[in-house]
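In the part that follows, the structures are each spelled out as structure tokens.
In what follows, chain A forms one complex with chain B and a second complex with chain C.
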Partner chain A sequence: MVLIAVIMLYPFWVMIGTSLKSEAQFLSGGGFSWLSWKNLTATIPVGQEVLSSTIVCTASILIILAVGLPAGFAFAKLRFRASTVVFLVIVSAMMVPLQAILMPEFVNVTKLGLTGGYLGAIVVYAALGTPFSVFLFATYFRGVPDELIEAGIVDGLGYFGALWRLVVPIAIPAIATVTVLQFIQIWDDLLVGLLFIQNTSERPITVGLAVLAAGRTTSIPELMAGSLVSALPAMVVYLVFQRYLVKGLTMGIDR
Partner chain B sequence: MADIDFDGVTKVYGDGPPAVDRLSLHIDDGEFMVLVGPSGCGKTTALRMLAGLEEISSGTLRIGGAVVNNTLPKDRDVAMVFQNYALYPHMSVAQNMGFALKIRGESKREIARKVEDAARILRLTEYLERRPKALSGGQRQRVAMGRAIVRSPQAFLMDEPLSNLDAKLRVEMRSEIARIQRLLSVATVYVTHDQVEAMTMGDRVAVLRDGQLQQVATPQDIYDRPANEFVAGFMGSPPMNLVPCQLRPGRSRVEVVVADQSIELPLGYADTHSLPEAGADVVLGVRPEDVLIADATGANVLKVRVERVEALGSEALVHLAWGEGGASSSRDARSRSFIAKVGPRVTFAPGDVVSVQVSPEHIHFFDAGTGISLRAGGR
Partner chain C sequence: MSVVTINGTTPIHRRGRRLSLRRRRQVAGFLFALPAIALVVGFIGVPIGQAVYYSFTEWNGLTSTWIGASAWTQAFHNSNLWTALQNNALLLLAVPFALGLPLLIAMLLHQRVVGWRIFRSIYFLPTAISWVVLGLVAERFFAYHGTLNSLIHAVGLTHVSTNMLGYESTALSALGITFVFTMIGTNTMLFLTGLATLDPSLEEAARIDGAGRWRIFRSITLPHLSRFIQLAFVMTVIALFSALFSLIFVMTGGGPGYATTTMEFLIYQTGFDQGAFGTAALYGLILFVLTAIVGVVQLRLIGSEE
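This part shows the complex of A and B:
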């Protein structure tokens, strides 16, 4: 465990240590300086980029949850014609790699006039993340006793009411799992942000870091400081939800 | 409060046979009706159709005189208690009980009053703030009852609500549910496969098999006058002994030939019991408690062999076999064996040959082909 912890934490230690050095100190191997942090904020609008990433992430995840929850519920609990086939088609979309659909997506989103700001990226991220969330929620909801929903329906709820008032409150582990996994995926993604958010004032932090690394010379301490800023929100989200995450990821095992 | 009327109600899933087949059953306002039968007999399907959780394939279902075939569950004003209680795990006991009232838009004060009243009846007052997972099985069951009671519905529907409880608690809750039902006097449909629940709780019992109603009557009537071989064999523990036999004309009366021995029926018996002509094959039924093991000789005494004795403390079950030799098949073995329920102090052992006597008034006859009771007056 200690060895694994060291392997996992060492990159962070290096990242923190390097970010607290100037270029010269980094090359000489010793010293302490806030210079790289000052330079980072001067080179790229870090605050704005973190905000952009947050907006894109939050909006995408909200759409993914808003679509995934009712769809997963419908596939798990409602009987309708060809539901298995439709479910398989949706789930099979998870197998399609992003790179394979990126150009067609770009063409479509451009035709809709959505490239430029956040909206194009949000739509693409939501479309990419929804199949997984439908799969995960359907799996989770299959473990919810039918009687619980039927009790709600006899008590006076409709199916949507039963979903929001009875099922969602007990689906927190599944919601946390989708949120964390999608957050990490979207937050760390460069390609979609680079292609679909063309306004420089709205670009996410990953694109900002790429710009930082794309200059004629790259300051490693500056890059490490930027990477640290980029990594922190994902870590915070993970730590907030981690107590639900294990339950969400292992669901179905003990049933 | 209202009465309930199943009028030729049928439920068919896909191309399969009917799960419920032309069920016609009237439940009076305030009546406690028990639907009983083996697994897959359609009792739960009938209940779910009544709750609105299953669509009706054909027939008419009425609650309080109004046809509810296409009425949504929430508009039927019925409350259901599920086998696994189906309590909302994220809500407290009070919230669980008041949930339907909250959806209905009743005021917080009114909800609190009704929940407290129901909690008092169910002795749940001290548990109102607890979550379901912090309750015992019996308490959860009572919360499920409470959730139904607070609504003051037109009918209570209960789907095997005691089957998840241990034996001792089940006995307690049996009388508790019956007490509450009588107190509230609301039409109740109670589904169970447990014949003891059926016998002890219901005003009337409806026995189902393969989706078809076999008999509806008071528990004692079902026990004393089963309409057919299935009901006779299903109700009662141990079940009624059913033995294929033949009628033949005796010296002055009709005789029943069982294996190679015979029982003579009194004069006029054949007339009052709609027995077929002498020579016909019938099935003889006798309750285990009506089989007397005695040292008697003479008329209507059969010689049988003791196979096994099960001592139950307050009584003993003696497994007996007709005739000699082993049976050629399990069906043959069943037809050659029967059970007597006797007092706890038995003096005989397996292998002994004993005399048994069956009083003709305790004998039931069933048609060997259809299984229908041959008692005069039919059902």
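This part shows the complex of A and C:
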């Protein structure tokens, strides 16, 4: 078990070890230096990129929740005509990889004028994340008793009030699951950020790293320092909300 | 329910009110679902339709010319497509490892030795890291002055040195090994959850009846885990078809030659490096069909459950 732990910690060891060397020390093999960390912000605009990642993640997740919560509620409790079929169509959209529709998507979003800054990526992430959140919320809300909602309606809350005041407060664990899963997914993603944010000064950190790495001219120790910075937020979120992650992954078979 | 008058209202009256209430509920439900429907149809549904149309055209993103079915025959005569499909097929060989190793690790964790919680956290930690970063680290591992060669030299084979990412014959294997590593966390998590739902008294009873470890694993643990294994299988195959982009982008750029170009990377290259949007849309449809097959298998699995 210790051996496996060593293997799983290998990436961190490489990142920390390599980033604590200068370029020359890295090439010769030995040594220790803070130089790469000092030069980091000059080579990679880490601050700006972390900010971009945060903006894109936050906005996308807010849309996913704002769209997914009412839809999940509707499919679970306010069944309308053909709602089962519509639900199945939305859920099966989970299986469509972005690459399969990449070209039309890119052209459409460009024509809408959204690929300059954050907006294009936000919309695409929101659309890709919605099916899963609808599925998860609908599954979760099926467990809410009908009487509770009917009581709310009778009390004059209205449907929106019932959703906001009665359903959302009990759905906090499901909301946490969606938020954590989507945060890690969007923070770590490359393809959407790479193509749908053309303005290089608004690049998320994962994209910034990947582009520098593919260029093969950047000092590897600095690249590793940047990698470590990019990995930290997702790792913290993961360690704090571990149990929500597990819940989300096994959703649907572990009822 | 018997038809009686309550509070002076006639049955007909009541029925009318209930219908209108039901109708209002349906309208509310539809309106609540509408934003999600619009988002999914607009940004996933419509592009599928467009991809079908554009796959029959020559398209540069601005103007398209209809060339009909010959677009498809041309595509199937392109050797790059077959190389990419072959690479995807070869990478499927990594799937047993991406399932087997996590199963083994989950069984180890399930023994609950001292400190197992800490080990669990450590094993899952790479799951949080971007595949871009893991790709960068993997590149260091396989590099000429990297960890792999140090390990080989450490066991005494000082005259042997590899550079797996540098050769067409080995680059795909290096990518496959990296893929297995990136999947370990998620799949272990799945299997561990599965094992937690296993009733320990079953194993206990089998042990008392004299069943060996292997026998218990074969007859009790494995059948119990089957649904979790199926789910992990589907997720792993889908990841293999559609999540390798980051790894390929930073590790090999699809090369050397086309040695690590998979379907998803071919779509990106064809569209954005060569500007052949129509052909890229066509390749996208092929990828769509491949994942749809996996999806149908999954739907059947879910169906068989209920």
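Note that the second predicted complex is superposed on the first by the 215 of 255 C-alpha atoms of A that agree within 3 Å, B and C clash if a C-alpha of one lies under 4 Å from a C-alpha of the other, contacts with A are read in each partner's own complex, and residues count from 1 in each chain.
Keep in mind that, in the parts below, a residue touches a chain if its C-beta (ideal position, glycine included) is under 8 Å from a C-beta of that chain, and two chains touch if they have at least 3 such contacts.
All of these numbers come straight from a predicted model, not from anything done at the bench.
When the two structures are aligned on the shared chain, A:Ala42 is found in touch with neither chain B nor chain C.
Once the two structures are superposed, chain B and chain C can be ranked by residues of chain A touched, with C on top.
Legend: residue contacts after superposition of the two complexes on their common chain; A:Pro145 is shown touching chain B, with no touch to chain C. Within the superposed three-chain model, A:Ala74 lies in touch with chain C and out of touch with chain B [touch as defined at top].
When the two complexes are overlaid on their common chain A, residue A:Val154 makes contact with chain B while staying clear of chain C. Legend: residue contacts after superposition of the two complexes on their common chain; A:Ile16 is shown touching neither chain B nor chain C. In the superposed pair of complexes, A:Leu62 makes contact with neither chain B nor chain C. Using the contact criterion defined above for the overlaid structures, shared-chain residue A:Ala24 touches neither chain B nor chain C, since it reaches no partner.
Touch criterion not met for A:Leu112: it reaches neither chain B nor chain C.
Across the complex, chain B meets chain A through its residues 51-53, 73-74, 78-80, 82-84, 86-90, 99-100, 103-104, 147, 151.
Chain C contributes residues 25-30, 32-33, 35-37, 39-40, 42-48, 50-51, 54, 59, 61, 105, 108-109, 113, 119, 121-137, 139-141, 145, 147, 181, 184-186, 189-190, 193-194, 197, 227-228, 231, 238, 241-242, 245-246, 249-250, 253, 263-264, 267-268, 271-272, 277-278, 280-281, 284-285, 287-288, 291-292, 294-295, 298-299, 302, 305 to its touches with chain A in the complex. The residues of chain A lying in touch with chain B in their complex are 145, 147-148, 150-158, 161, 166, 169-170.
By the touch criterion given at the top, residues 1, 4-5, 7-12, 14-15, 18, 29, 63, 66-68, 70-71, 73-75, 77-81, 83, 86, 89-90, 92-93, 95-108, 110, 123-124, 126-128, 130-131, 134, 159-160, 163, 184, 187-191, 194-195, 206, 209-210, 213-214, 220, 223-224, 227, 230-231, 234-235, 237-239, 242, 245-246, 249-250, 252-254 of chain A touch chain C in their complex.
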